[in-house]
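Chain nomenclature is as follows: A, B, C and D, assigned in order of appearance, with residue numbering initiated at 1 for each chain independently.
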Amino acid sequence: MSTIIIAQAFISTDRTGVFIISIIAILIVLYTTYFRNNKKPFTIRKINGLQAVEDAIGRATEMARPLLYTPGWGGDIQRPTTIASMNILSFVAEKTAQYDCDLVFPTHDPVIMSVAQEVVKESYSRTGYPDRYKEDNISYVSSSQFGYAAAVDGIISRTKPASIFLLGTFEAESLILAETGNSINAIQIAGTDSTIQLSFFIVACDYTLIGEELFAASGYLSGNKSILASVQAQDMMKVAIGLFVVIATIWATVESLSGNPLSNWWNF
Amino acid sequence: MNRQIPLVVCFSFGLMMFLQYFSTHTVARSLNLAILDYWQIIFAFTLILGVVSYIKVNMTKISRGIDRPYLIVGLIGMISMPIMALIWGIKADSPFMWMFENVQAPMASTVFALLAFFVASASFRGFRARSTQASILLGAALIILLSRSNLPIPYAENLSEFADWIRNYPSMTARRAILIGIGLGSLTTSLRVLLGIERTWLGGEN
Amino acid sequence: MDISTIVAGLLTLIIFSFLYKDNPFYKMAESLLIGVSIGYVLVITWSNTLMDMLFEPLFQSGKLILLIPFLLGLLMLGRFSNKTAALSRIPIAVMIGSGAGIAIPTMLYNRTIKQLTASVMPLFSPDGTFNFAGIVVIIGLLSTLAYFYFSREHKGKFGLFAKVGTYFLMIFFGTTFGYTVMSRMSTFIGRMEFLLSDFLKITQ
Amino acid sequence: MHLLPRHFVFIGLFLLIGITMALDIDVDVKVSPYTKQMHAYIDSIPEGSTVIMSFDHEASSLPEIRPIALAMLRHAFSKNIKLIGVSLYPEGTLIGYRLMNNIGKEYNKTYGDDFVYLGFRPQYIAAILSMGESIEKTFPQDYLGYQYNAIPMLTSITNYDDINCVISIADGSLTTHWIEYGGQFDIKILGAVTAAMVTTYDPYLSSNQMTAMIGGLRGAAEYEKLFGMKGGGARGMLAQSAAHLYVIFLIVLGNIFYFRSRKKGAKN
């Protein structure tokens, strides 16, 4: 009895709904990760732009110019988008290691810098070229938004990278980087969860990953089973969301037409 | 061992933060605050790593003679800020804040203002009605811009109402769907991190 | 004119010179901007975080619990040597782990549940008027979600529906572009106001 | 001098804005419902209530932010609302202090009694959450170094429960964090943001997670009109309209070139 009271005191009532949905969502992810995938391999639809990733790395190699990868000014390491970007970075670094192409990674956040150094270094050793890893290429530039923008801009206009990856959380600096990249004719692959910057990336870059595609991209590129399982879980949740919206809308419409006040059960 | 300890730490802190979200208990609230303070403090220490990396990278370039005079100016700028702060403090009218207000801020806002030009060149170059999708993008942008130009044209009122309608319904709903997708993607990514399936940040997949 | 305005004005003009092309003056200004902004963040973080949040309460008020973040911070500095670099994984684990932990419920609630429930509305009002905007919202939401559905190729009827989703996406991108143009132009106008009235004194 | 097409685009913009700004002609703006809603809300705040004004922007966006912030400050001070200034970006700190101080003086307000500036806290999420527990713990001292409990207007303020609303003056996504994390404490969030951010916040406005919002230089001009004064917003309106028409012209011109070259391509 007392444990129940303590438990009740510990869980605030207004968030019970979120708690239950969180648990359901977690169970779905666990289900697709540990049970479902063993039975049937999961394939993912074609994502525009991802076929271009290898071409972009190949192009940099052929032209003997560096490849620039930057995660934007808007994120920090606690942000899931940054983790997704690190995933893609790991894939890109494996390729640049194999092709012996310079990978330049400027960032505004020292913690991201540290993690990226770790990620790239491991990718280089995993592919068997630890000596090709250059720590100085993964550098902290400035935490100020336009200090960062000016720095990356400078790197782009002076080292003239053949390919530019803009993957992460971007804010206003997005178009400065994308237009400068354009002026030196780099192939640009962008992807972000910052919705307003997407419009600029779509106009100025060759390929753009929109929101959730960024999360799916790492699974698509690496073929990593656990990421693919997550994507599958996301899809299952999307179906649930679609059904919820349809049912709730019909319910609301019937209620409205019958002249009753709306029950609003869908607001929790 | 190198991987086990961080994974355990990651899981325990993650679980704590997850659970505290649902609790109004004082223990949970203060735990939340404490961990958020840890973020700031760890960030502050890591900034030292960042600054050292900046100095190192620039020193290497200077010793190789690449862009020497420019980089020296940058280094002097960087070092002079803490020195000024130490001598005169950082209150509103100190030399440190003078540098901020008259050197850093105007340059940063001008770099920002460059965007107006890049917007113009991107409009000229990138905004082509190549496909149905591109035409819709272009049409929506034109309607919004026209409606916000204070033009003395007939139906300006209706145009502006139509622009608001676009912003409030079709545009808003698309953004909502993007947000929902990002929410789901973030959710599963975070969960993989907690469970230790996602280990890229540790450098490896195994 | 005071020295502050002259310095700010000249630096403003130098940055604008990048529009023609990269040049020595711009390189100088860019490097200065990066250096000064790093110095600035360093000082601000030192005084607001390390002094106010760590050293003063720890060493002056004796809040020993702060030894934990202090230690975590020091472990981060382990990266200076290859031998101790692996230690930095612990503070990183704290940040990534707690960030992920808090992200699960907040992302789910704010980005998903709230957005979802706000889309639900009756398609007819009690007097029988059809809610056109309501159906646009529902179709837009479902078709855009269909675009983000990865389990199936975009072919056939489903592909068509997902394509409708891309149209909604394009409307959003166009609208955002329009608003952002406004914003960027405003920034430039603000900068010009400084140049014309404070620096060059052409206008009032 | 070797000029590229984009240089002509740049020169055109420079001349256009320079000339329209020198002209100083008033443009009559129509006040949007969004701005009316914002104005009505601030108008309805009872005298003597306390409002947090958060300067969540960098120095770079000051040109656009300044007129918006000034309009908000003037309205709040004229309504005898007490203001607590904070900043979640280091760069907004001094700017917020200067703006608040200047407008405070304009309305004969006393520092410490009518308004106070607490300054900056790093890690915005942490700062927002921790102010929900205790503002004093988050800011033991104000910007000028006075102890929290020595400031008269703060003695009755513990956390968001004693605050009417938060006005986030932002050039980026920081207001999102106010909504997402501050919202947990049932505090009303108002946004005074750059035009670029407007569409980002629409869903929050429509789901009532955000109470009201004004956007951009135009929003400032509209607000100035409701409030009955001419400020930076109104002064920039002619140039603003001209800039929009210029961008429209460029888009149309770009498409004429595009269709011409396509026709030619088809003929050959």
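The criterion applied here is as follows: a contact is a pair of C-beta atoms (placed from the backbone, for glycine too) under 8 Å apart; a residue touches a chain by one contact, two chains touch by 3 or more.
Keep in mind it's a predicted model, so treat the numbers as computed, not measured.
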Reference chain B; chain at largest CA-centroid distance: D
Chain centre separation in whole Å, for chain B relative to chain A (CA means): 14
Centre-of-Cα separation between chain D and chain B, whole angstrom: 18
Centre distance in Å when chain A and chain D are each reduced to the mean of their C-alpha atoms: 29
Residues of chain A engaged with two or more neighbouring chains: 15, 18-19, 22, 25-26, 77-80, 83, 111, 114-115, 118, 141-147, 150, 158, 172, 195-196, 198-200, 202-203, 210-212, 216, 231, 234, 238, 241
Residues within chain D bordering two or more other chains: 6, 10, 13, 58, 60-63, 91, 122, 125, 196-200, 203, 206, 218, 243-244, 247
Residues of chain B whose C-beta touches two or more other chains: 18, 21-22, 37, 39-40, 42-44, 46-51, 54, 67, 100-101, 104-105, 107-109, 111-117, 119, 121, 123, 125-127, 137-138, 141-142, 145, 148, 167-168, 171-172, 175-176, 178-182, 184, 186-187, 189-191, 193, 201-202
Touch-based graph of the chains, sorted into line, ring, star, complete or other: complete
Chain A - residues contacting chain B, complex: 9-12, 15-16, 18-19, 22, 25-26, 29, 33, 77-81, 83-84, 86-87, 90, 109-111, 113-115, 118-119, 121-122, 126, 136, 139-147, 149-150, 158, 172, 175-176, 178-179, 182, 193, 195, 198-200, 202-204, 210-212, 214-216, 224, 226-227, 230-231, 233-234, 237-238, 241
Interfacial residue positions of chain B with respect to chain D in the complex: 29-30, 32-33, 36-37, 39-40, 43-44, 91-92, 97, 100-101, 104-105, 108-109, 111-113, 116-117, 119-121, 123-130, 138, 141-142, 145-146, 148-151, 157, 160, 164, 167-168, 171-172, 175-176, 179
Of all residues in chain A, those that touch chain C in their complex: 15, 17-19, 21-22, 25-26, 42, 44-47, 76-80, 83, 111, 114-115, 118, 141-144, 146-147, 150-151, 153-154, 157-158, 195-196, 198-200, 202-203, 210-213, 216, 231-232, 234-235, 238, 241-242, 244-246, 248-249, 252-253, 255-257, 259, 262, 266-268
Chain A residues touching chain D - in the complex, by the definition given at the top: 74, 144-146, 171-172, 183, 194-196
Residues of chain D defined as touching chain A within the complex: 6, 58, 60-61, 91, 171-173, 196-197, 199-200
